[in-house]
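By letter and in written order, the chains are A, B, C, D and E; residue numbering begins at 1 in each of them.
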């Protein structure tokens, strides 16, 4: 079954082609097409997972094209990591598509939505399956484009268009770094294939100094930072919430953002070889997660909170990978995919139901939306790391790996982030579903097709954790590992994470249910901190003032430089304008046109001098001739 | 006897006088006259060289005969043009005849 | 003294002289002046036939007066061709009234014979007489437009300027005669080599002689007459000036420099080089701001003289071959361009460039023709002009005259600007309301088509022309 | 195996035949004129396909050679030949000319003259790519100048005269120096020859100092055409003022003549000089990329922006050239072909918009995607391609050039990668300004892209997609020729 | 010996006279007077020819130059009727420069030509009789002879064409 792996991405591609060309006629039937394709891929992925669990891996590749002595191949690699990712992507993709039927009902470009969604899933699957860095880079950018198309899906809204553009450009910056890392590796190792890279790195080839290796690792990580919205390039994810919620659920929670982590995992050999790069990964991870976590505390838009929580959780995974917890990071990636997708879809139902996104206007929806509320509760519990849900196990693994890495400051910070996560998730829960309804909101029940995916995701959120838990003998870490490591459960860390989680929940309960006045009071006397967090550390403003605006001014200068300086130095057409002074307008344009006319001016002026010489008087001519003769004679006498 | 160089000096002086005349004379006929002077200077040259440098060949003198013939022809043409100028411009002052310039 | 034998060689010249006299007689018999033109064309064709049939042995005639070597034959054929085309384009030129037609044709025929004599002249006397003959006819032709102020002014200027220069040339000749004691060019060359006079004397003599020739060629310090005379003279005459005398001027300059001054070559080279560049620069720059098309073509002919001079500066057989290839292509293009100028001025009665506005709209045929000739003059392949320029550049580069090549190259870019300025006026600016379709007369059309075919033929397949010219210059230069 | 039938000459002189036919059609029968020109360009396209049929891919040396002595005294002969590299350009020329001819319906006045100049231009371009004799190459190079002057000058926009004469003088000044270079080569080659193949053999005997001077002379000629940084100011004016189908050809083919010149003449004949100037060219290339992208970002006029983007994209070609490695060369050759296809399509689309809205100010549009869905989809597709999105052909050229460039000049390539990001910037800004955002009612009446316009764009779309996914098709044609050039330069390269 | 001295002094007299009259003809205000001055100069030149044993040339000079050409010039002067009003300025403004140029020209020529040494002494071989000139004209220089006649014809035809009334 494994050698049919290439079929998996082809199904969604077929769906995309069908929906794009015949979508208009299919009208509402374009959704089942996409869902059928997704089902096919899911079935194959599960079969492949079963085979991979039984130890079978496969790498096949054909020659894409050959240039000089380098041959670029295209192929697919099926091993434990990719099999797991395949299942996660196809499963979440299927559920999101089912959910979208209800959510996108009645949209003018309904078929286009499903077409873009299938294209996205195709490129994501392609990325997961690819066996070399170049192919990953190609699908990497395709994924970027699909996210651009989906974010600016409702392009009538200017904010959506801007968000799409911002996302794409930030990704592009990350990709530039990725490309440089890729070409350094390609240059030094002569190949881009993952297997060969780890092989050649094993008997560390000459010429490839530690510095260069670390640099290429960091550059590749730079691509991951762009895609997984880590610290310097995270600004695009909160704005990406402009897109429809299922998009946010699939792309900005489960799959695309996870691609960065997947990439680091996939090329872990490069990171491991260079000792410096892992520190960079973990530091970036901690900064991102702490910052995002703190911002989420004060946000009011339901989707923005979840976005910042995603950024924070991705930071978590990066910390795990950074501190050597390879399987911990990947495990958290899987579990996070489920419960974050669940949370986003719940948020989607809430927005779909009451049409508003600001949690301060919501309240007391528990009674009206029982299913959404309960599943949301499960999601929040999972993410806060309350046992026995999946979040607890994966977060615990990460905490253990951080603890084992010996960096106590890092451990402390990770704990505080866990506390913050629990706090803002339950703040969200209490404000939306519990307490008294603040405003008169007309609620209409979400369709059943929107409820079933929630329930399935809730189930997965609960049980997916056990795979990696000690109860099942750390099956997950034996399945996906960089090099086999034996982790014995560290009960102290487990207890501390539970305590922290519960503390966060109770504090949220106290703040928002018991005495709603406290947060407002707190905000007042800690106002500088509150404003800092509310305005997202003013990062967007900083970027705008110090990068974007000077950049635009530079382009204006470059253009004027081009028109006046260079154009002026070479252009000859100004000649006649000097002599022909009648056409005034024409001249202003040329004189204004710049330096190029300078040469033209001189040539013209010289022409004018010779012209004046022609006085028309015959005797001047004869006189000039004989002066010429005399001059020649004198000249040659002495030369 | 009179050495060759004296003749040549005479012709050089006459040539320059003619030249000066061509430069300064305002009337076209004046210029024509000065041209005749220059031509005579050249003829003297030719005959002088014929006598001193190539006494037994007649080339020099024959050349002068032809130059005089040509001088006659060119004077005819010159005067015809001057008359035509006078007919059109009503003046033969060369510095007033400059319709065409630059 | 096999006089009769020599006569056989100058049959074409005799035919033309007789024809020119006959034309005067026929004037009384025939009412329509076109017949006169056809008669003169017929006589030119018969002269051409005789020329082609004539034998090609390189020996001197009339005891050293003429020499009938390949170069002479080449020049004579070209002179006849030039005169034929000039007569062709002057048939329908309205400015010259019917009364003066016969004299015009007879003078043109005489000028043809004069040019043919000059091409073979191998004796100082013959050179002087030939030059004077052509000059006299040119002075008359320049002033030929009876009522027109400009024409008589052109005639006067040309006359005074020309006579002054030819007398200076004569003075130079007298000094050379003094030095060498002979008038015969070959003997003169021998004498110049082994004489005991100081180089300065010889140098001044040669300088003064080439003043006369440079005047004909319109080289820089002697080019002042050119714009005024070209603008003033009737257009067919201007066409004749820009091609006929210029070609002969170069030929005699070559014969004279080739023979006499080979001795002083190193002096000459740099001086001539500087003069060539000066000619190009003055010609091109002043042309930039011209408004009258005849005056512009005058400056362009000065510039082209500059380019041709490079062939002389290089002073190798290849250089001379490129010189004459350049001149033959220049002749063809220039005649074509002037034919169009005549056609347009017949209709619009003006030579101002702005009156060419929108010519492509109402008479596309003429506009296309003029554009083709101008593009060829600018030296853009695949037309004849490029072949000429290519040969000149290659001969300059071959002998290492890099500075000349670069100067010529830059000048051709400037030249392209003012040629395209005319094309811009014709094609890009809107036609004035009064413009009307200009139909060239059949004779003019024939001249146009003939020169167009030649320009394209030389451009696309220059081999025959190059063979012809290199054969002409194959005679062993002394 | 050369067919007895002179295919290459047919390809070059077919348009001239077309001109002769057009002469006999009266001026007012515009429909007939359009059809005949369409047929002529189509047949030329078919001929280029037939050439491919007779073309043996793995034989790197020029094939189907035709040799006729033209001016024997100076050893100039009419020598045509096609190899992988020139075939890609020939096919591009034939295709773009056919599409531009179909798109020329937007030309409304002086139609007969338009098509005569159009066909003459095609003949010139075709000849330049097929000529194997330096003199013939120069003649065809100059032939393209005159029709382009008229095409821009007569049918252009408001400042057409200025743009036309500027284009003409820039290229002429450059090509005139090129002529000196060619002559210098002619005189130093023993036995004097203009033949490119023989000169390549003799490249070992040219001294380095001589090579440098000639390389500089040729560089001026080609750099103006590519255009390389300091000589590029004619491009935006020429593009903005030229009518749409002509700017398709201008961007699609004329720019490639410069780069082709480097490939065919400068590099193989003057290897040491190429190596000597490699770094300088790389620096100019990166200036081209980054500076071009910067200025494109500041544009408000759609066509000017695409013009400056061409400057930026051609920078990659120069980078690939400077890399002097198989990867770099293939990148440059691919980029030449792909840029031709993509920018050609972009200009066609700009033309579609201009014919309807008669303005090119990007700010004036906005929200066109609502009632112009098909047009927007195609425009986004080609914008993504010109952005260098993997999976489309634009990416292959840039990727290989950068990879090749990286090997040779690390810092320069890093800066050029910044160029890619800026390219993404201005393209997305363009998409947002023109297509996205609320539908402004000014353009309510705009009609969707017509079938004929779509026909001109679809073949390009297919090529971009096919070459994007499977570039082996094009690379297998181009690579043998490039390897041959590199082997000849072999001794010189590091 | 004494007769040599006498003829030499007469020669210098004639030379100086012709130079003076040349200057006069160039500077005189009245055109008619300058024409007369020119005639005298021409006669002087004829005398110089005699000194140079070119009697025939002197004759030709007097006959053609003075006889034909000068009469023609005087007719032209009459035609253009400028001779009477004295007050018109005869010389234009560039007098000074032309003086410098003309004199430097003279200087150069004199400096150059003065170094000509007489060659082959002054002995008289057989006197150059008129018959010899005639024979030479019709044998060696027959072509120029014919040519000069055609030139004169052309001049005649041309000037007639220009000046005839419509």
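The rule is short, and it goes like this: a residue touches a chain if its C-beta (ideal position, glycine included) is under 8 Å from a C-beta of that chain, and two chains touch if they have at least 3 such contacts.
Owing to the predicted nature of the structure, the values given are computational and were not obtained by experimental measurement.
K.L.:
What's the overlap between the neighbours of subunit C and those of subunit D?
P.N.:
A
K.L.:
Whose C-alpha centre lies nearest the centre of all protein C-alpha atoms?
P.N.:
Minimum centroid-to-centroid distance belongs to D.
K.L.:
Measuring centre to centre with C-alpha atoms, which chain is farthest from subunit E?
P.N.:
A
K.L.:
Which chain pair shows the largest tally of C-beta contacts?
P.N.:
If you count contacting C-beta pairs, the leading pair is B-E.
K.L.:
When the centre of a chain is set as the mean of its C-alpha atoms, what distance in Å lies between subunit A and subunit D?
P.N.:
36
K.L.:
Per the centroid of Cα atoms for each chain, what is the distance between subunit A and subunit B, given in Å?
P.N.:
The computed centroid separation for subunit A versus subunit B comes out at 97 Å.
K.L.:
From the mean C-alpha coordinate of subunit B to that of subunit C, what's the distance rounded to whole Å?
P.N.:
Distance between chain centres, rounded to whole Å: 26 Å.
K.L.:
Quick one: subunit A and subunit E, Cα centre-to-centre, how many Å?
P.N.:
Between these chains, centre-to-centre, one finds 104 Å.
K.L.:
Give the residues of subunit B that touch two or more other chains, as numbers and ranges in rising order.
P.N.:
15, 18-19, 22-24, 48, 50, 53, 62, 66, 70, 73-74, 77, 80-82, 84, 94-95, 97-101
K.L.:
Hunt down the residues of subunit A that sit against at least two other chains at once, touch-wise.
P.N.:
572-573, 611, 614, 616, 618-620, 622-623, 626, 629, 633
K.L.:
By the touch rule stated above, which residues of subunit C touch at least two different other chains?
P.N.:
125, 129, 132, 136, 139-140, 143, 146, 155-156, 160, 164, 175, 178, 200, 204, 227-228, 413, 417
K.L.:
Chain pairs that touch, all of them, please.
P.N.:
A-B, A-C, A-D, A-E, B-C, B-E, C-D, C-E
K.L.:
For a test of understanding, state which residues of subunit C touch subunit D in their complex under the given definition.
P.N.:
On the subunit C side, the touching residues are 360, 364, 375, 380-382, 386, 390, 393-394, 397-398, 405-406, 409-410, 412-413, 416-417, 420, 423-424, 427-429, 461-463, 466-467, 470.
K.L.:
Of all residues in subunit C, which touch subunit E in the complex?
P.N.:
1, 3, 10, 17, 21, 24, 62-66, 97, 99-100, 103-104, 106-107, 110, 113, 117, 125-126, 129-130, 132-133, 136-137, 139-141, 143-144, 146, 155, 175, 178, 197-198, 200-201, 204
K.L.:
Where on subunit D is subunit C touching in the complex?
P.N.:
70-74, 113, 135, 138-139, 142-143, 145-146, 149-150, 153-154, 160-161, 164-165, 168-169, 172-173, 176-177, 179-180, 183-184, 186-187
K.L.:
Write out the stretch or stretches of subunit C touching subunit A in their complex.
P.N.:
156-157, 160-161, 164-165, 168, 200, 203-204, 207-208, 211, 220-222, 224-225, 227-228, 267, 270-271, 281-282, 285-289, 413-414, 417-418, 421
K.L.:
Touching subunit C in the complex: which residues of subunit A?
P.N.:
Those residues of subunit A that touch subunit C are 572-573, 575-576, 578-580, 603-604, 606-608, 610-611, 613-614, 616, 618, 620-622, 624-625, 628-629, 632-633, 635-637, 639.
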